[in-house]
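Order of writing sets the chain letters: A, B, C and D. Residues in each chain are counted from 1.
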Amino acid sequence: MKHSFRGVVPPVVTPLTDSGELDKESLARSINRMIDAGVHGLFILGSSGEVVFSTDQRRREIIAATMEVVAGRVPVMVGCIDTETKRVIEHAKVAKELGADAIVATAPFYALGGLPEVERHFRLIHEAIDLPLFAYDIPVCVHTKLPGPLLLQLGKEGVLTGVKDSSGDDVGFRFLAQDNANAGHPLVLLTGHEIVVDGAYMSGADGAVPGLGNVDPEAYVRQWDAYQKGDWDAVRKEQDHLASLARIFTVTRGVAGFGAGVGAFKTALRLMGVFNTNNMPDPVLPLEGENVSAIEAVLRDRGML
Amino acid sequence: MKHSFRGVVPPVVTPLTDSGELDKESLARSINRMIDAGVHGLFILGSSGEVVFSTDQRRREIIAATMEVVAGRVPVMVGCIDTETKRVIEHAKVAKELGADAIVATAPFYALGGLPEVERHFRLIHEAIDLPLFAYDIPVCVHTKLPGPLLLQLGKEGVLTGVKDSSGDDVGFRFLAQDNANAGHPLVLLTGHEIVVDGAYMSGADGAVPGLGNVDPEAYVRQWDAYQKGDWDAVRKEQDHLASLARIFTVTRGVAGFGAGVGAFKTALRLMGVFNTNNMPDPVLPLEGENVSAIEAVLRDRGML
Amino acid sequence: MKHSFRGVVPPVVTPLTDSGELDKESLARSINRMIDAGVHGLFILGSSGEVVFSTDQRRREIIAATMEVVAGRVPVMVGCIDTETKRVIEHAKVAKELGADAIVATAPFYALGGLPEVERHFRLIHEAIDLPLFAYDIPVCVHTKLPGPLLLQLGKEGVLTGVKDSSGDDVGFRFLAQDNANAGHPLVLLTGHEIVVDGAYMSGADGAVPGLGNVDPEAYVRQWDAYQKGDWDAVRKEQDHLASLARIFTVTRGVAGFGAGVGAFKTALRLMGVFNTNNMPDPVLPLEGENVSAIEAVLRDRGML
Amino acid sequence: MKHSFRGVVPPVVTPLTDSGELDKESLARSINRMIDAGVHGLFILGSSGEVVFSTDQRRREIIAATMEVVAGRVPVMVGCIDTETKRVIEHAKVAKELGADAIVATAPFYALGGLPEVERHFRLIHEAIDLPLFAYDIPVCVHTKLPGPLLLQLGKEGVLTGVKDSSGDDVGFRFLAQDNANAGHPLVLLTGHEIVVDGAYMSGADGAVPGLGNVDPEAYVRQWDAYQKGDWDAVRKEQDHLASLARIFTVTRGVAGFGAGVGAFKTALRLMGVFNTNNMPDPVLPLEGENVSAIEAVLRDRGML
């Protein structure tokens, strides 16, 4: 495998124009800013990359524009996120055609099922696509928790290359990291919990996929470097700063979920001059008024403006 | 509006060939059987119609094949079920192009949000597509319960034509039916709870969308006719029969969710000679062995074989 | 068995004085009013009887005061609701000592467990107490759904005399009622779903435990009588009235759960002169101001004032 | 305040005799072993101390026996865990009478409610009992998550002395710890997540309440000492050992919840000669056969036998 997929791999937030088109100029600016900061990879079309809001055409545009800007400087993981196997494989074929370095898939969702279906889902995707496959464990969205022993088994067999853990289950992550180490480290384990990356590094994570890395990529890179050197005080200090910066999620009022979270990212990036707008995909509305001011205050407090 | 959408409107189960293609022969046989039994409409690409397992191309095939067989004999409602607004609208445009009489959409799913997004979602779909729009209330799949007052408001404004209720909330349905009656009956209220349709009729439902209607459409039509005449003993007697027939869901072992439910429908229809196979969409496997025998015993007990 | 426990068995709402003591005068007035209306039994110390808010001493007072007022006119079921087996058995012993005709217990709650513990819980209670035992299926409070097959098995063995179903699972209730009938009717099946009792009667319920029966016991008795005669139009008509009356739950603002539900009962009963106060147990506050006016308007509309 | 309540405060597992009585001999042995290892306090009648399985009389016995053994060597926190306010206050009065140094209470459970009731619940307990009050945040048992801002507000007002966090929400804990530090540290923040204590220390926890501390108290004390010295490599190394030891939870089969978790503690303590039996409270059965062997193997691997 040419890439290690270790380190800081931000999930790229997707900028839109005022009319709702992909804003390629802002996308290029944001990607270049993250690569210049030293991130080790990029993950496009993740949950915060508005994958489920994006039509097939829009997904193509995002992949193509990203690959053009990145130009091989870092590996690009592409979220192929959809309800069931055949739809995921369709997206994965497009991702491969457009140059993805790895694909990322969740458990099936919407239809009810059991673990046999989940396991077969990942096996079928792997059989269909000759690219490294990451399992995306995000029960808050798909309502299935991927069990650690299943992930490890699929890693040992070469079905999975790694896991992006957004499960919120830090105990399960610790057990998985320990089992993975004992098994010769078949899986690359990335945490999506941007606010407690230090804890995930204590547990042995191989990297992080922090949405907040769109806003402050340098801090996550510094944190990673400190982790590599065993400088835990620095790891923790960066996390304390990032937890303070993460208050952009909690200072808003009257919004929830994607609109609050990704809305805060887009608003921060617009305030910082990285994005041209903070426009959101239908049916979500952009943050405005006092919510924008509240985010601005957080950025100012953190020295980001 | 040309159609009332009242009465028995089975959600059409999708037959597959052994190789996983759409089995148009079986589909035609099943649809004709239901229309001959007197059903008042058909709902394709619902949850049990494996909509979320179907690629865009497969969805097109199902709609086109159905419209050709139905040939205007009953109205056809088409499920346009996907994660977020723009994707739903794309499906709805295809449905309209291929001749759908109404479209059916759920609340957004996967991404987290709130009721403002749910409301705007339905408004945007309605604005984009000039067809009657039904809200599909299925929290077990989308993890949002559509509140009765919101549904009624959207009905009064003409955004929604009706509701397909698969919420499992019989109290909420009673309140909604009563409020709808008091407001002049703007909404057509269809229950998806095939096992307690008699209770839904007591609450004032305008019809039913019973998956089990693929297996025994005559019984649901007899029940509807009894309801229209106020013959409640007959309504109840048909339901008792149908609840016994519904044991095809509970006699199987080692399967769950879609694989158990739609798997039972497909297996029953194959045993009855309506479907050529009981093949299931990836990653689900078809029922086999003792599970098939158990379903056969139920059918035999109910006089369906 | 001396009692059938069939018919209308309201869960008795517990009146408090302004200082939070048991208001025995109001309790007697309310109980006599329900017995005069023709109810077939009473269920004290249920969820709406504020059992979990009541200390052991308060529970004793409620049982004793009730037994004295009832004086054998109807059977009295006593909720022995607590976290785990030994605590439930302690309550059950007190209930038996004070003259209860049956006891009612939920699945264990707070501690996590599985079905083996649930089954053993009911068996141990039955072994310890020589009184008819009803299982109270209320997953919204205890977070375990009692499976129909387990209930039926315990009924066949004589461990359980009946089930009070507040599960919200009308499909499961239909299956259980059908299985129970096929097995010779070992269980008495009572529905707690006061707003859709007509549907439960369609499914074959042996009675109802409607909290709203504290407010309008006559209507539930008329409905039961109509059910016994097979007059389904009357069953339905009473239910429509009761669903309208149940708007006392939905017209309030800023309250939720027990405070909204039992708060509405107590406020209605105070407005109707049955209770002296609408005081609520700590930490819940009584309804006041516009919430009281809104409930008054519902009562007036329904001819209850 | 006489005690800081900082450091390692194991939740004491309750030993039973074969006939189900409190095994005071084993209790004394276990408590002395933990105090000798250097723990900074003890928490009795917590979830793993089988509080909800214990009658009032049993709760008294556990408190009295503990206070006698401890004899003031470390502070003792007593869980006063019950459904609603008045019942909790009754338990708290007993705890105070018997010499508790602090009391611990959860949000109300069983009855549904909202945050106003939760807030009033803690205020009423504080008003009634002149002892430090800890809020126990354990949504998996009580189905309410205590919001960080509410906890902090109650801390600032002196209603709460601290929080025992078993919420599983490591992000919320990080935010709370940061807010608490910024507010002058009014709350003592203890984590109950024994498998990721290192992460909680990174977040700034003031101590840990690890059930596994009954099995290996020395390791948690060493970890705390390392934390106090800023020796993060040692903090992490101890945690890796403890996560391996925690496999006593995952090597068993056919058991779940309390029976698996506390069952594993009791079985380990019996194997290690600390407890005389691994008996469990009704309706839970003790681990046996291969489950015991599996736990023995884990202990052996960790050098605990």
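The rule we apply is simple: a contact is a pair of C-beta atoms (placed from the backbone, for glycine too) under 8 Å apart; a residue touches a chain by one contact, two chains touch by 3 or more.
All values reported here derive from a predicted model rather than from experimental measurement.
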Kindly list the shared contact partners of subunit B and subunit C, in label order.
none
Numbering shared by both copies at the subunit D-subunit A contact, with half separating same from different
same
Work out the mean Cα position per chain and let me know which chain is farthest from subunit C.
A
Could you work out the angle of the rotation that brings the CA atoms of subunit C onto the matching CA atoms of subunit D, rounded to the nearest 5 degrees?
180
On a C-alpha centroid basis, what's the spacing between subunit A and subunit D, in Å?
35
Please tell me the distance, in whole Å, between the geometric centres of subunit B and subunit D computed from their C-alpha atoms.
49
Mind listing each pair of touching chains for me?
A-B, A-D, B-C, C-D
Where on subunit D does subunit A make contact in their complex?
168-171, 174-175, 178, 193, 195-196, 198-200, 202-203, 230, 232-233, 235-236, 239-240, 243-244, 246, 250
Residue ranges of subunit C in contact with subunit D within the complex:
47, 52-56, 58, 81-87, 90, 108-114, 116-118, 120-121, 124, 140-143, 255-259, 281-285
